[in-house]
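Each structure below appears as structure tokens.
Each of the next two complexes has chain A plus one other chain: chain B in the first, chain C in the second.
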Partner chain A sequence: MDDSVAEHSRPLRILIADDSDSDRLILKTLLKRLGHEVLDVANGLDAVSVFQREAPDLVLLDALMPVMDGMEAARQIKLLAGERLVPLIFLTSLSEAGALARCLEAGGDDFLGKPYNRIIIEAKIKAFNRMRLMHRTLSDQRDLIRERNRQLTDEQEIAKRVFDNVAHSGCLDASNIRYHASPQSIFNGDVLFASPRPAGGMLIFMGDFTGHGLPAAIGAMPVAEIFYGMANKGFNGQDVLREINQKLKRILPTGMFCCGAMIEADFKLNQLQVWNGGLPDGWLIRTSGELQALPSRHLPLGILAPDQFNADFERVGAAPGDRVLMMTDGFLESADSAGNVFGEQGVTGTLDQLDGGDHPFDAMMSAVHRFTGNFEDGDDLTLCCLEMMDEAGLATLPDRAAPSALAGPAEWRCSYEIRERTLGEFSPLPLLLHICMEVPGLRRKSGEIYTLLAELYNNALEHGVLELPSEWKHSPEGFGRYYAERNRRLANVEGHYIRFTLHHSLKPDGGRLRVICEDSGQGFDFHNHPSVATGNSPTMSGRYAGRGLLLLKRLAETIRFHEQGNHVEIVYDWQFARTAENRDD
Partner chain B sequence: MPIQTRRDDDGQTLVIRIEGRFDFSTHQAFRDAYEHGDPNIRNYIVDLSDTTYLDSSALGMLLLLRDYAGGDSAGIVIENCNNDVRRILSISNFEQLFNIR
Partner chain C sequence: MTDKPHLDEEALAELRDVMEDEFEVLIQTYVADSRDRIRGLQEALRADDSDAFAKTAHSFKGSCINIGAPRLGDLCLRAEIAGKESRLDDASGLLDDIAREFEQVIAGLDGLMVG
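Right after this comes the complex of A and B.
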């Protein structure tokens, strides 16, 4: 037997208010005989105070009473009862319709005509008790739902804080990025991450998990960890993407996946690399107004096994001022009140009408705003626009914190060589950077160190081992040819190697890192190379593009070439920062 | 019923036909359509001629069917998609996993 059945048979506490002593006595006797507990008073004022004190389950009120009549008592009792349903039945010999209506307006639920009929009284009391109990059940359930909902909201709030710590916005507030990610969208499975790369440039990832709510948000956490962890260490977009795919494939149930796009922006080479798997077309908007679509060419992340996954990026040249725009599905699905969606037409229509002064991000946001009419932030949409910029602008990106300069390895030397087909499959840069970053004094300089290592490595690989002419990269046609040829030649590197030797030692005021990079290539005539000779006339010919060499010269204390030019040695000095403690905060 | 199934002539092909919206609300019905465990079924045809809309959870359901039907060796044809449905399938590059015609 459950509680509600027990409730139904429980005697009720009933309050009677009637100024006629005889009527009151008849009713009281009748109700007592039915097993109920009865409280009785002779006027409205007493009725209100007894109601307050005794909290009866049901009230029977005479309409006409001295001191305070039934109408006024009814109003006050209903007010006191608040959300509780206390059935209130008027006892009356009135029969005029207007008077009866006023009783109901005052808060009465029904009438009992005088003289009393035992059967009708019993039936009405039972009926109202059922209604009272149903009301209470509904109220209890509503309170329970309200409480559960509050708990859920609290938990989501906490989860969101944890999520925000892991999936922080990275460098999304950099001056060349504009984005909109609705706050609610994290529990809709949208993610947007951006990180500066140690070598300069930026990595951006936008993702859209299938499904909604907690499962989608949970999938986003490891993606954030992988993205920020690997981007910081200098891994390129391809490596990060492969890792994300592999992780998601392992942890997500079949049927759940993540549509995503990765953008790797290189402000030095003026190039963008884009991978789009399942997101709507991205757009490259050149300063000239020319538009280029960056369509999805891959399956979403988390579907294919690592050996089937294709992490080939599309590579496009992009000059400072060119902008790339990416969006999630929710952006296209923004709907107006009639249910029409903004769609691809909305996007292309807006882009076609861009004039030089408009920022495409603003144009897009206001277009979708206009379209939907009642645009709400709760919408599940993410939009991001990255602008290509001058390499110099990168200096404004915040340095990461660095611990004390005194701990960590100071005197060490290591040599690392990659050979043969590994040259085409593996970049040693993250590993080498990682070794250097064990020296706290170098950690503050991770960008410069990475640049030095990357310049040496890329020169050794592309111009030393693969003998690619760098001048190809300076025309759009040559650009494609360069990278096609690069891939072709990478397949044929038997007998080749690139060897790094790193040597670190402490000096009284800091430390010195010596890096020797040797390769198995032909070398070049460094004695007569204009950039080597004078240091300030960048030419586009020869093994080193002038730019790369000038960069090395600017960052390093010295740079020397040995043998036939395939053996480069640079020296990089760093100083203890006197205000290190302050700067590190 | 928004989802109907029938055997094709050879008895080894199950045709699953989805009417209206193919989204999370059809999740259970779609699973029931193929999870009856008839050992004779070798191939599947997902007929979308009357499907007006398809969302990402439907893509997930197709992946579940593909898994059930043997993963990389699954024989699944998706046919008669309207333009909107076709667009969603091709943005996600599902032609790499399914025979879409």
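Right after this comes the complex of A and C.
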């Protein structure tokens, strides 16, 4: 405030142009006595050149002058001033309205009549100085806003680079994924992550944070970290989702949350697991053309406390070629120039008209494109399509960098047992994988190790402890029955356990991991099992049916069953320099 | 003829107050300036240039009003109008009136200086 008072009373530099020597002398003396600095000239041409040289704050111009008159001088001075407001007051005894109007048209801001009245002169100079300062304040603020805006854009650019480093695109570029996300989508609050799972299959997360700009982007950072960190370690979609919800609940302010969907694709079992909390309906598009909605059945992430959060996935069988489509709200809200939105009708209309050759992703993108007309403006939509496929067709997890030296534990043994209720609530796989990954030589084999552990564990649980017959899974009705029964039996596991014993030791050219998996189930007749015994038996036993055992045999050096078949021991060897391509021969 | 006074005593008193020591310089400047203007009017009349006549009369009018010589200012206004309307026949008589009135103003101003 003090500054502006000082600014308002600061002496001004005033230019006077008048060809009448006596008038000029009077005005100059008057202004000097008011404390201002005065520059005076006798014609318009001099006025322009002095203005250019001295940049006065205010100009008083006689309208009629020799050489160059006041009108022309006014035009040139206003041009020179540019964005700066330099009040220009005509000194005149003109009284004809047309002549006065011409003075204003030439750029004048006001008139000062003769005879000069010092009270009026002082008041006008003060008034115009106020206007000049206000204009300057506005210009300064506009410049400041412009600068801030540039800064904000720079910061967003940097934030985006940081975010991209954390979030990267995972396996979004895999051949079975198509997606669209605007490059700035993170600042719309949209996120899309995809990661291969160590034992095969994929995990995809799509999220849409409330709000826009940096606040929305900040929430996305921990989600990216959790997603990629946990997916990499073999956690399943449920675990990742629980962790994301818990984290967001803790860090997001009330009223901010994240609508999201998680898709866990298992290409081996030909099944999809879907969780949708607050996103528009997802769609499963089967090769037959049959459509199945995958609607939101949960509250968005970051709202419910961990103990109230429901991470139950919907499980659907899906064969190679089936596609699942997910989108954010921005997709439905895409509007045409009249403000009509694409909406759910737009989506279902497009899907209903799909014919066999159309990729649903392309169909949706071009439909929304057609609908909105000017698609580039305000692109705020994220769309992702995942296609089920034969796992063999997909590139597996890339081998990590080779171990540099023999750091980490080499000779160790551990035993881990989960019991009773915990069997249904907790998967020991990430923990066991984590222990194995402490061995540098095993780290690049995380996919194979995970697959071994997962096969052993799932067989011990589902067929050993729960005694579920795997052939149920071969028909669509049985598929549902299998999982319903699985849940029912998991509630009744008193006295049951699954115990893993891991033993690692070094060998001259690498190392050996021995895994023993024991369970409390009945076991099975492994002596006559078609995959174990020679010769084919027409009746497939429930346990280690089909590919499970074959997979174990392919990955492990040896596999042996003990006791009544509820005690499995496998040996897995790794070599220092050689890699997986040598294993299968 | 105009009924305005030769000199506006009040305006002159205020000018003296504003100009302080420079009041005399102002009066001398005005007188010299006015002589130039009258010469300018005569030249314009000789050249039959009604536009220049009107402009010079206009400027002359302004300085007369400012200095406190309202009757002379009024004559200048008439001259300006005559010039604008290209009635230079009337202007010749007006110019004589202006010259006469100017002598009156000088006399009055001289009186002020002495006083």
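Here are some notes:
Note that in this section the second predicted complex is superposed on the first by the 418 of 585 C-alpha atoms of A that agree within 3 Å, B and C clash if a C-alpha of one lies under 4 Å from a C-alpha of the other, contacts with A are read in each partner's own complex, and residues count from 1 in each chain.
We adopt the following convention: a residue touches a chain if its C-beta (ideal position, glycine included) is under 8 Å from a C-beta of that chain, and two chains touch if they have at least 3 such contacts.
Please read all numbers here as calculations on a predicted model, not as lab measurements.
When the two complexes are overlaid on their common chain A, residue A:Pro115 makes contact with chain C while staying clear of chain B.
Looking at the shared chain after the overlay, A:Gly255 reaches chain B, while chain C stays out of its contact range. Of the two partner chains, chain B is the only one that A:Asp329 touches; chain C does not reach it. Legend: residue contacts after superposition of the two complexes on their common chain; A:Gly277 is shown touching chain B, with no touch to chain C.
Touch criterion met: A:His298 reaches chain B, while chain C stays clear of it.
Residue contacts after overlaying the shared chain place A:Gly211 against chain B, while chain C stays out of touching range.
Residue ranges of chain C in contact with chain A, taken from their complex: 11, 14-15, 18-19, 22, 25-26, 29-30, 32-33, 55, 58-59, 61-63, 65-68. Residues of chain A that touch chain B in their complex: 208, 210-211, 254-257, 259, 277-280, 295-300, 303, 329. For chain A in complex with chain C, the residues that touch the partner chain are 19-23, 25-26, 29-30, 33, 62, 64, 92-94, 114-116, 118. Here chain B touches chain A in the complex through residues 56-57, 59-61, 63-64, 67, 91-94, 96-97, going by the rule given at the top.
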